[in-house]
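In structure tokens below, several structures.
Consider the two complexes below, in which chain A is the common component and chain B and chain C are the respective partners.
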Partner chain A sequence: MKIEEFNNAIKSKISSGYELKEDKDSYGNASAWIILSNKRDSESVAKAVKAYKGRCIVATAYKNIDGTHTVIYHFDIEGLIINLQLETEDQSIFSITPILPSANWAEREIREMYGVEPIGHPDKDRLFLDYSLAKGVLNEYISLSKMQLGVSETDVLWENVNKEVKQ
Partner chain B sequence: MKEKITIGPFHPELEESVYFKLVADENRTVTHVEIINGFIHRGMESLVTQKNFMQNLILTERVCSLCSNNHPFAYALAVEKISGVKVPPRAEALRVIADEVKRVASDLFNLAMLTHLAHHHELMKDTMDAREHMQDLKEIIWGNRMDMSANQLTGVKYDLNEEKIKLILETIALVEPKVNALQDRYENDESIRAKTIGVGVLPYEDALELGVTGPVARGSGINNDVRVVAPYSLYGELKPKVTLRDGCDVHSRAMARFGDIVEAIRMIKEVVANLPEGDTYVEKRPHIPAGEAVVRVEAPRGELIYYLKTDGSQKPVRMKWKVPTFTNWEALKVMILGDKVDNVTMILNSIDPCISCTER
Partner chain C sequence: MSEVIPKLFRINTGSCNGCDVEFVATAFVDKFQLETLGVELVNDVKDANLLVITGPLTARSESFLKNTLTKLKKPFVVVGIGTCSVSCGIFRDSYAINGPIDKFVEVDVNVAGCPPRPQSIAEGIAKGIKVLEQKMNGEATPKAIDTIFKDFSAPDSFRGRMSLNEENCTACRTCEIVCPSNAIEISSTGDGWFVHKIWHNSCCFCGNCAYFCPTGAIFSTNSFDTAKLQSEKFSDVNVGYIDYKKCSSCGDRYMPPSKGLLSKAYTHDDVTKLNEKICPKCRKEANFKRMYA
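Coming up: the complex of A and B.
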């Protein structure tokens, strides 16, 4: 898969413009960076990845100093990594899981850790954290002891398990 | 009559904590599956942003024990990419040797667990016996049976002399015939075949859609081995031969792992025989400027990817990693649904789950 070929495939599909950067590691493996100006266009890129039988490897999110969030999807098509970067000011992105099921966990994790909601995601359940912990825990600092004690001081987990067993 | 069955969070047949809620019909066939995770979540991605680059080398090695060499390997590659450092050829070779030794031991452990769950304890004993040679080798050369501490930023921490090379070759000479005999037994043993063929089926289309990697993908006929599709370190020259199986079941995944082990042994021998001379690391400590990097390596369980973002300070701004089990997990639902309750833990084992890695 060539970056140019993928670029040609998405060029006409993206409505609000984007920046394309190319990158190469010391072993000669190329990767592409696509920086979107409108987060809505992530769906068009995901459709192009699907058309090439690619997959979503994972997605990274982080909080910027001004309070906005950056989300980067990492796609793979035949060994080529395509990084799709988008910004969100209102803590929401448009879920690509309905197009690429491989993005399922990645988007759920972003919702859980940063409170960024993937709109249209089919799964509303928590991924790793218990419901007693607020969404967006990585947006603030929570000490491990508080996190662990917060869980173990209550019987929430045990009661939930017990309820299931009794049913 | 419907029956509700729970397995976990703690259970003798689970290596790590995970919680299955199953619904089965009167034939004990699973009709509904729900998996609850999060028992080993430690917030490590937050922790790495509070440690400096040297400390994180130690921390990444402790994400999990079975693929403990791949995490610092990938992390070092990410730092080196941002710093623009090219490691010496001898360091590349030593990195590959450490990684492949680890792969043999890790895959043999998973296969031993498979036979344990299939209640074939003689075969389990023999598999663990073969693995034990690799464990002893790790202990002698790297000083530890699990965390090898082989990698450092800009190179490796260890070196091989003639005596150690001889030891590696002697160990391989012991292990190789055992692996070949085991491969034959796993392939042809009646009881193993009866318990694993047609169990935990993940069809090719589902595997492709869910983006599974490693032996799980290879067992369903998909080759996305990072060492082949985007070769790093010496793998471009070594050209690993990938074993693809189309049975899509527990047996196919086990046999794909045997293919990995056989290739790992071949590559260890080849690299040791042609070990380049020179330094094992770049002496000058790297300057780590602001930047970002995405790197991948092939862990024993599949693709491991690291994203690193730096701002020129001594700590990462953001570091994210995705382990093979993170994506292979969703495939479990496809594999378990419609299969027997008694096979659930064996199907779980067939993706070689690493839950400590997945939850971080």
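Coming up: the complex of A and C.
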């Protein structure tokens, strides 16, 4: 599979424009980045991946400083990695699971970890996260230094240790 | 005294499975002597009187533990296996962790280790059985129980309980920061001492502290004597005192260079002596005067 061929397949299908970047890893394996202007176009790309019998390997998400979210789907077509990047301001994306079932768990994971709703996803259930926890747990920012010294403001266990250990 | 047949049931509350693998080794390898304790493994908690729990109690597993506990018949003992079960270890403060288990059940014996060695697990179960016998005879749980299997020394390359050489420590706090399980705390007494504490029940035996310690003050021993009663949970701590010296010239407090570092830098002992009584500032002044005054 060549990047050019895939690009030709999606060119006319994407309505709002996109940026294409080519990349290579240290082993010389090619990968493509497709950065969408409009998240809606993810469905067109997913359809093209499906037509080439590709699959969604996994998806990545993160919360930006301004509160918006970036979501990246990672597709594989015969060894070519295609990264589809999109932005969302309202914590929602259009689910591609109805087109590519392999995106099922990845989208559910993004829903519970970042609170980004994949609209039209067939499965409403949680994947890993317990119902006692609010979704979007990874949206919280915890600095590395805070994490290294323990995030709890009052460390109850250490208070107990210090009661037992005389100084 | 009535004969007690310990019937063991194990529940995993979100362990990484490391502890469970060690437990299986303990249960099925003869040399760890679990058999000599007469333990019977049961697969229904209703028949059990010895509950073994691994894991830090994830939110998902909370209801399973609670459900298991309702089915247990008294008297029973609870043995927590792994640092996770004792203090949540490396998972402490994670959003999905509701443990440690003693928030939900009265624990009798804790076995620290990430995972513990089979010898420690066998010891923990042996101690658990002692407590069970006492409970069945209506006696109070003792404050301490002598070790039953005795030998807990691991091979030389093995990382066991951490220890501190106070002489070499400068209370630089590197170990406290690099420790992934928040097992080290360094505080000041306010009157000339720093206190360095290693809480064994929180340590995951990763060796990070020893690796990063600039003076080699913190090191792992090969002792794996980690099966302790619940009453010892917070007191099983290695405590070191580091002298925050008073300068004999100006009276300010200063941290003398560690013997460990000096011995790396200088081969002669007399250099060490130069640093003994005065702070770096006064030493510089004295040297300046000696040379130029």
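In this text, the second predicted complex is superposed on the first by the 140 of 167 C-alpha atoms of A that agree within 3 Å, B and C clash if a C-alpha of one lies under 4 Å from a C-alpha of the other, contacts with A are read in each partner's own complex, and residues count from 1 in each chain.
Going forward, a residue touches a chain if its C-beta (ideal position, glycine included) is under 8 Å from a C-beta of that chain, and two chains touch if they have at least 3 such contacts.
Because the structure is predicted, anything quoted here is derived from the model rather than measured.
Peer 1: Which holds for A:Cys56: it touches chain B only (first), chain C only (second), both, or neither?
Peer 2: A:Cys56 sits against chain B, while chain C stays out of touch.
Peer 1: Between chain B (first) and chain C (second), which does A:Ser102 come into contact with in this model arrangement: first, second, both, or neither?
Peer 2: After superposition on chain A, A:Ser102 lies in contact with chain B alone.
Peer 1: With the two structures laid over each other on chain A, which partner does A:Glu164 touch: chain B (first), chain C (second), both, or neither?
Peer 2: In the superposed model, A:Glu164 contacts both chain B and chain C.
Peer 1: Could you look at A:Leu129 and tell me whether it touches chain B, chain C, both or neither (first, second, both, neither)?
Peer 2: In the superposition, A:Leu129 contacts both chain B and chain C.
Peer 1: Is the number of chain A residues in contact higher for chain B or for chain C?
Peer 2: B
Peer 1: Which partner does A:Gly120 reach: the first (chain B), the second (chain C), both, or neither?
Peer 2: neither
Peer 1: Across the two complexes, what residues of chain A are contacted by chain B and by chain C?
Peer 2: 129-130, 137, 161, 164-165, 167.
Peer 1: In their complex, what parts of chain B are in touch with chain A?
Peer 2: Touch residues, chain B against chain A: 4, 6, 9, 21, 37-38, 41-43, 45-46, 77, 80-81, 86, 208-211, 224, 226, 228-233, 236, 294-296, 303, 305, 307, 309, 317-318, 320, 322, 326-327, 329-330, 359.
Peer 1: Which residues of chain A touch chain C in the complex?
Peer 2: 129-130, 132-133, 137, 140, 148-152, 155, 157-158, 160-165, 167
Peer 1: Note which residues of chain C are touching chain A in the complex, please.
Peer 2: Interface residues on chain C, with respect to chain A: 58-60, 62, 87, 92-93, 95-96, 100, 176-178, 182, 185, 187, 189, 193, 195, 197, 199, 202, 233-235, 237, 239.
Peer 1: Which chain A residues qualify as touching chain B in the complex?
Peer 2: 25-29, 31, 53, 55-58, 60, 62, 72, 74, 76, 78-81, 83, 100-102, 104-106, 113, 126-130, 137-138, 141-142, 144, 147, 161, 164-165, 167
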